[in-house]
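Heads up, there are several structures right after this.
Presented sequentially are two complexes of chain A, the first with chain B as partner and the second with chain C.
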Partner chain A sequence: MRVIKLKKDNLFPFLEVISEKADLWAPVKKGDKHVFKVVDDFSKVELNTTRTILPPRKIFLPQTFSMFNISEKGYEEDFSHVTKKILFGIHPCDIHGLLTLDNFFKQDYLDPYYLEARKNTLILGLSCWPDEYCFAKSTNTHIIEEGFDLFFTDLKDFFLVWIGSSKGDDLIRLKPEFFDENLTDKDIQTYIDWQTARDNAYKWSINFTALPDLMELKYRDPLWEKLGDACLACGSCTNVCPTCNCYNIMDKQFLGGKDGKMIRYWDACTLEEYSEVAGGENFRKKRADRLKLWYTHKLQAYISKYGKPSCVGCGRCIVTCPVDINVRTVGKALLGEKEDAFWLRFNKEVTK
Partner chain B sequence: MNGENKHLTHDNPFLPEPARIVRTYYLTEDVKFFQVRIVDMEKALSFNYSPGQFGMISVLGAGDAPFSISSTPSRPGLLEFCIGKAGTVTNALFRMKENSLIGFRGPYGNGFPIEKMKDKDIIIIVGGLGAAPLRSVLLYCLDNRDQFRRVSLLHGAKKPAEMIFREEFFALKQREDLECHLSVDKDDTGKWTENIGVVTTLFSLLEKIDPVNTYALVCGPPVMYKFVIKELVNLNIPKDQILMTLERRMKCGIGKCGHCAIDYIYTCLDGPVFTYWDVIHMRELI
Partner chain C sequence: MEKENNDKLKIGIYELTGCAGDALLILDCEKELVDIFNAADIQSFLMAKSDNIDEELDIALVEGSVSTEREKEELLDIRKRAKTVVAIGICSCFGGIQAAFLDQKEWEKNFKKVYGDAKMTHTKPVQSKPIDAYIKVDYYLPGCPIGKEQFLSTFNRILRGNPPDLYRFPVCVECKWNENDCLLNKDIPCLGPITRAGCGSICINHNLPCVGCWGLVEEANLTSEFQLLQEKGFDYDFIKKKMANFSGTGIADFLGNLKGDKK
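So, the complex of A and B:
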């Protein structure tokens, strides 16, 4: 892969140039948190962020969008959510999240609503620094070798820019004078030092390889009832997780007319309505059963199919769940690591 | 129907194919029969599927829902469905008249393993609305009678008025190449001429079987499975030759929306036909 340098001061001018080509999405502040948003004022772009509130999935599959316009003539495809976009500032774990979604939406039947949006979006990754919730090193998603057009490693005075695709290279060619092709030994050493320090900055870890077996063995463990009793069935964990993909479809008729739209919107397996079938029966009425489904998917099912968990270690469920049910508490409980701070807190404060 | 779109380079698996309701009538008080034809004649006649597969029917404005196909691919051109009133989509369908336009997409799911079932004995065990998917495989076996050995049908309904495909199944009793046993749990008419009792009571009427070379196909209400499977296991039919079709959870049909997920599998892709051996290993299946 070709790697070049970009002076720090040149980043925003570069973003400004490329944003003429497509809508530029980047992390900006929202309260004390961050969100991905279309930006035109580049001074608002945040470089030192951790996770955004919602994962980048929302850029490809908005929370609600129309799939078909419906009229007496029938169904007319609606791809209005697909526009040319550039996504800047996405971290390695979230790029892994997209690769996981790619696998999913490409297997068996292709999902054109996701894949077309994906094809029309350039991915400009950005390195990051873990906080106390991140654990991407445990999921091996702290490094990324594919899935981006450009990747920027922030080394304080300059960026290393990894060119991952021909389209990425085209962006560079818009302003070649901003970049420097010559990496010195010192630059490379700076990178190595940064990488070592970053790898050492992860504050906790979890042994994912042990979890599939434990999910199987502890499927009937009272642990699940305990988690189920605490869960509010709010669906937040599912909405914030970068690898969750469930949705629902409904027809929306315009008032008074015969016309309407077929709408697709995010759904969450942790919500009670999720497992309801025609006729009103619900085969997963218990919150414990719905949590088991979610964790089977994150910690077991994907591993057995693709050899890695579908959790990418972003920590969103950890910062989001109001009652501390997350990959960390559940994982640690399954592993029997009773002294883990989160599991202790769950036991002490949530279930008392 | 297919809108032009500058972005679109893929086929769209969500796009319903226009189809017409050719004929519809009530089978029982709350179950209706639908004969449907894809409007495009070439597509209609080349449309192929296996018994046990299902399709999505959409009604403009009401949405779509999965239905097992009750017709057999050995009689191409028309698709048949046997639909019980259950939700928004079925309510809308029930109101539709013959010749109305609907949307159809499919076929989906795995269907029955017809190749493996060839040259074997086939026992089909139906409870109530379970006839909807099993009629497809039953008709398929009868249309290709020389490809299978013994074929038996054990059919149970709650009461005579709730038996769907009544004339059709009674007519089968005349056939020499099929062992057909019919039963109702209760006869409230006083005119029922066949067996009375739950469907498992029909097992005692079944001629002696050759278990290792038998495939048993089961579909019915959830309560039925436990008792029927017990009989079949006692008859020594191998657990991977006991097949059941479980379609109640499907939503999108193409393994994307997530609603039919159980453990590792998507019922709509890996099912709706499962063996009893699968069921033992998948905790939430029945």
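So, the complex of A and C:
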């Protein structure tokens, strides 16, 4: 993989040039958090962010979108969500998240809605610095070797740019004068020092290797009932997870005519309706059973198939769940490590 | 081709005690109003027209709660005339704000406080209740007021003989879709997790906490929400009042059995 240098001042002019023929999605501020958004004003692009509220999968499969337009003549596929996009500022853990989604949507039945959007989006990764919730080093997703067209490592005065694909190379060729092919020994040393410091900046870790066995051994542990009692079943952990991929569909007919749409929207296995079948039976009526499913999937089942967890250590569930049910507290509880959490303090009765 | 009126389903839209916001919302579907009136034979709709006919109906949409004897009789009559009854709006579905005092004694005390010894001449007031306290309800369309999109979709579905297809998850789902930062995590008392979605998390989109005006979601974990708010420093009675505000009969059992109230 070729690595070149970009002067810091040249980043936004470069983004401006390459976004002429595609929408540029990048992290921008929303309140005191960040979100991926289409940007026109490059001064709004944030380079020093942690996680966005929603993961970048929303750029490929929007929260709700139309799959089919239905009319008297029949139906036609609706790919209006597929447009030419450039996703800039995606961190290594989230790129791993996309690679995980690729596995889902490419297995057995190809999902054209995801794959078409994926094909039409260039991935321009950006290095990041962990905060107290990040644990990507535990999932080995703090580094990335594939899944991007370009990857920018921010070394204060300049970027080192990894060229990960020929499409990425084409972008560089639009403005070769912005880049410097010649890396000095000093540049390389700066990178090594940065990487060492970044790796040491992860404040805590979790032993994922032990978790598949523990999921098995503690499948009937009272822990799950305790989690289920406190769980608000709000679906937020699922919605913010970069590797969750479930969806539901809903038919929408328009009044008066024979036209309609088939709408696809993000579903969550942590919601009650998810496991309900015709006749009103529900396989996972209990919240504890649903949480077990979610964690089995993240910490066990995916590992046995792909050799790695389907958790990428982004920390979104940690900052999002109001009752502290997240990979950190659940993982630690499985490992028998002490960790403070609302669900551990929760009482079945409300007292004054 | 437009259908003749006699081919269309006969619809009545009625308002009991409430702010009339749901009927108003139907009228506010300006772009679709012609379609609404073309798709069905709207026989009775007091807010929209004066030539109302109150006879046999295929579908009655009923807004508001029952708060007088006269409304009770009106409602029983609607049920008798209509094949299908749909409760629209929070008041009709759960009793609304006026059903916040579920205890009969509390209600009488408050009634006296407001009206004193005034004589009610035209009808006898009764404690406000949702319509299913008196009649069988076929479908519920909650909202305060109901949402335009859900109304049009529900109206369309019931005209075709299908049950409504409503979101059955809490506001938090739509709130996350809208990529809002969770207000509960900022120690703001938000009722999103216990409240039915459909509003598009409109309040939280404007940085205001959810007040629960669409009523409780089926699986509302009230104990957890209550304790979470307590942990964030909110007073026991404040939380009770906040939760009771819109939830009406939906929250009666939970509030009636709170251990904290038992001596």
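Assume the second predicted complex is superposed on the first by the 338 of 352 C-alpha atoms of A that agree within 3 Å, B and C clash if a C-alpha of one lies under 4 Å from a C-alpha of the other, contacts with A are read in each partner's own complex, and residues count from 1 in each chain.
Here, a contact is a pair of C-beta atoms (placed from the backbone, for glycine too) under 8 Å apart; a residue touches a chain by one contact, two chains touch by 3 or more.
Since the structure is predicted, the reported quantities are computational estimates derived from the model, not experimental observations.
By the touch criterion defined above, A:K286 lies against neither chain B nor chain C after alignment on the C-alpha atoms of chain A. By the document's definition of touching, both partners, chain B and chain C, reach A:M250. In the superposed model, A:K305 lies in contact with chain B only, and not with chain C. Contacts of A:A230 after superposition: chain C is touched, whereas chain B is not reached. When both complexes are overlaid on chain A, the residue A:W266 reaches chain C alone and has no touch with chain B. In the superposition on chain A, contact of A:Y109 is made with chain B only, not with chain C.
Once chain A of one complex is fitted onto chain A of the other, the partner contacts of A:V35 are limited to chain C, with no touch recorded for chain B. Where the contact sets of chain A with chain B and with chain C meet, they give residues 250-251, 253.
Chain A contributes residues 30-33, 35, 53-54, 58, 63-64, 229-236, 239-240, 250-257, 265-266, 268, 271-273, 287, 319-320, 322-323, 342, 345-352 to its touches with chain C in the complex. Remark: chain C residues 32, 35-36, 38-39, 152-153, 155-157, 160, 165, 168-170, 172-173, 176-177, 179-182, 184-185, 192-194, 207, 218-219, 221, 223-228, 230-231, 236, 258-261 touch chain A in the complex.
Put simply, chain A touches chain B in their complex at residues 67-70, 72-79, 82, 104-105, 107-113, 115-116, 120, 219, 245-251, 253, 258, 260, 262, 267, 269, 274-275, 277-281, 283-284, 289, 293, 296-297, 300-301, 304-305. Residues of chain B touching chain A in their complex: 1-3, 5, 7-16, 18, 60-65, 86-87, 89-90, 101, 103, 248-249, 251-252, 254-259, 261-264, 269, 283-284.
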